[in-house]
Amino acid sequence: MSCVQTFQDYAFRSLGYGERLLPRSDFTLCEQFTLIGSGLVWNIYFGALALFFGFFLATAVAVARNSSAWVVRKPAEWFIFVFRGSPLFIQFFLAYQAFVLLPRNGIELNLIFTHITAETGWLTRAWAGALVVLFLNTAAYSGEIFYGALRSVPKGDIEAADAYGMAGWKRFRRIVWPTMLRLAWPAYTNEAIFLFHATTLVYFSGFPAWQQKGDALYYANYFADKTFNPFIPYPIVAFYFILVTLAIIGLFGLINRRLNRHMPSESRPRLRIRPQVIR
Amino acid sequence: MKKLILGTAALALSAGMALAQDVVRLGTEGAYPPYNFINDAGEVDGLERELGDELCKRAELTCTWVTNDWDSIIPNLVSGNYDTIIAGMSITPEREEVVAFTQPYTPPSLSSYAALSDEVDLEGGVISAQTGTIQANHVVDTGATLLEYPTSDECVAAVRNGEADAVLADKDVLVPIVNEGDMVFVGEDTPLGNGIGMAFRKSDPELKDKFDAAIQSMKDDGTMNALIIKWLGEDSPRW
Amino acid sequence: MFASCADPSTLEGLNWLACYLTSGKHMAFYQSFLVVLALLAITAPAALLFGFGGAMAARSRIWPLRIFGRAYTAMVRGIPDIVFFLFVPVAMDQGFEWLRHKVKCPDWTEPVRQGSDFVVCPAAKLPLSTSPQWVHETYGFALAVLAFAVVFGAFAANVLYGAMRAVPRAQIETAEAYGMTPRQSFWRVLVPQMWIYALPGLSNLWMILIKATPLLFLLGVQDIVYWARELGGSKTSIFAYPHPDWRLYYFLGLLIFYLMLTRVSEAVLTRLTARLSHGQATLAGEAQRKAAQ
């Protein structure tokens, strides 16, 4: 079987298209590259969506944590503490165990005007359940980063905004938020990289694979299990993840340039990807 | 002439190897009752514990027990972390490519489906099975939706909480669960595999032969059947 | 444990629970918490050592060493740690055995790789197959520690490399003006001062390390996750204490354990920061000096 044929059969296997049966014997390097690459689609799906949704919740959490009102600040602090203070591995496991306990045929929501049946079955599937966990997790981590940045927004900027008569939402939207993002961006880039790495845990703890549709590490594990040789599939995963990491650094670097475009060129911070700030 | 000397050297070395191997390390999973499990005292227990100890006595070997995840149980054998696998492992052609099996110590056993009700679509439904087992392969072959978990216990839990419609596992493993719980056997029992045997490194034939002989002697004097009755029940196939 | 636990099937209620929670298996579970703490206690200094070496290599004037240091520190950015854990320990184990094989059995003629088997001479086995079980367990644990130290050493190298560059240039220049050699100024001026700059990163790293410990069970060590899964799974009457699926409760226990560990660590690290800031040419050090006046 040629490599092109293998590619056609397995390139979208992780989504359920193509050949139904996974290769069982005579594993070629091409099969391993194709299937593991096909699984990578899920890693990118989890990482990109969790990052996107998490971004908004993180902003809200950071603002809440900076609030002077006790009722708003405390929940935000606890949210960050629980998700940053415990291993993602355990969070996945607990989430799965909790999701399967939800009633099968949905929860009856008795609103005043109407009955709504909330479906819960999909939460036990990795595409939704694991996404929820990753979303909350990254919101907590990024929330902490944004909070730190929020605290370091220069006082002068806010005073200047006041002098211009800006207040409330407008001041936040036009002055505080962009500055916060600019300050937080290097650390946030790290968070993005680690979030993508964390997506490999989805099928490793808690969430089961349906119809052998899994992520890159799931297929690598499949090959390691069948060939009894860990030295080929896992380095392939590593190779793919280096590519993903480089792509993230490139993309976030572009955004960083845009966020800093108004700064004088010497004081523009270069994006330094050092994992000391987060996680 | 030179070849001959080399040959004897190799012989002497392999004899030395057998001597050096005073302690044989038996690898098992420890999560597959009644074959092997960790009892409440924290020790390996079950059919295979008793079997392994008896085999070591008959082969005049000192043995210790090691537990290892099912996932990596063969890689750890071939890289030499223990000397044999005795973990309810069915003899299959795929595995025989990598490891050497003894003769089976239980007859080809049946695999069964268990579910919460007997109206389950075994071919179109969702079937849970342990990753990397012959049952998982079989589910894929029937065309049903395979749901994989790392241990057999999680597969059963998946049926209880409604994730899966049925579980496919060794019948002997499911019998106590069905007898004591709310689950029932569904559909036909399927014979899978060629019985359960001990697995060895292919480069280690002497040790394999010793255990092979011990298994044969246990089959001959009926102790093997007694063990099967004790742990797997009267209904399980015997020699 | 208790004498009344001899026949668990007659027990009920709290008595049953008391016996259940003190069974041999639970004792192993409680001990495994110590395993996790031991891993943390050993890995942290080991990773620091690896990190220090990595940072020094990355600063080296010899370019192959520098390339090596840079590649090592870049490694953790690109590759998920779990992927490392899945094959680094196996690779290290086989590497060590192969080296010992070369040294101890030079006249061994059979190939080391026979099909998928990895065969070294008995004298080169690690640990020897004659050694007792605790040696095997310790060796497995040591491999796990080494794997953790390699991965987290790369993180630490990043942090320390940054910290070394953060020490004010004037400090080094002053050292040079006093006639110190590069080696002297490195050890006597740079290293003592870099810790305060490294501390935020290192504290963070400690937190990451705590949260990576559940991955221990991937390395075949019987840690708290292993026992929580084992104990929590539903048990039929073949076991002395049959019960349904209780994994949720066991994992909630683990969650609380980790949250507590994080809390305690945060408190300790805050105090340590205050301690290390003392007498440093940083804002915090300056604030302390002013407060003391």
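Labels for the chains are A, B and C, by order of writing; each one numbers its residues from 1.
In this text, a contact is a pair of C-beta atoms (placed from the backbone, for glycine too) under 8 Å apart; a residue touches a chain by one contact, two chains touch by 3 or more.
Per UniProt, the chains are A = Amino acid ABC transporter membrane protein 2 (PAAT family); B = Amino acid ABC transporter substrate-binding protein (PAAT family); C = Amino acid ABC transporter membrane protein 1 (PAAT family).
Everything quoted here is computed from the prediction, not taken from an experiment.
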item: Chain pair with the higher count of C-beta pairs in contact (A-C, A-B); value: A-C
item: Chain located farthest away, centre of chain C as origin (C-alpha); value: B
item: Chain nearest the overall Cα centroid; value: C
item: Intercentroid distance (Cα basis), chain C paired with chain B, Å; value: 33
item: Geometric centre distance via CA averages, chain B-chain A, whole Å; value: 39
item: Chain A-chain C separation of Cα centroids, rounded to whole Å; value: 25
item: Shared-contact residues (touching 2 or more other chains) in chain C; value: 90, 116, 247
item: Residues of chain A touching at least two other chains; value: 101, 221, 224, 228-230
item: Residues of chain B whose C-beta touches two or more other chains; value: 75, 78, 98, 154
item: Interface residues, chain C side, partner chain B - complex; value: 8, 23-25, 27-28, 90, 93-94, 97, 107-110, 114-123, 125, 128-133, 136, 217, 220, 222, 229-230, 233-234, 236-242, 245, 247
item: Contact footprint of chain C on chain B as seen in their complex; value: 6, 9-10, 13, 16-17, 20-25, 30-31, 33-34, 37-43, 64, 66-69, 72, 75-76, 78-81, 83, 98, 151, 153-154, 156-157, 160, 176-177, 180-181, 201-203
item: Residues of chain A touching chain B in the complex; value: 20-22, 24-25, 100-101, 104, 124, 208-212, 221, 224-226, 228-230
item: Residue numbers on chain C that touch chain A, as the complex places them; value: 76-83, 86-87, 90-91, 116, 155, 158-159, 162, 200-202, 204-205, 207-208, 210-215, 218, 225, 247-248, 251-252, 254-255, 258-259, 262-263
item: Residues of chain A that touch chain C when the two form their complex; value: 81-82, 84-91, 93-94, 97-98, 101, 193, 197-198, 200-201, 204-205, 217, 220-221, 224, 228-231, 234-235, 237-238, 241-242, 245-246, 273-279
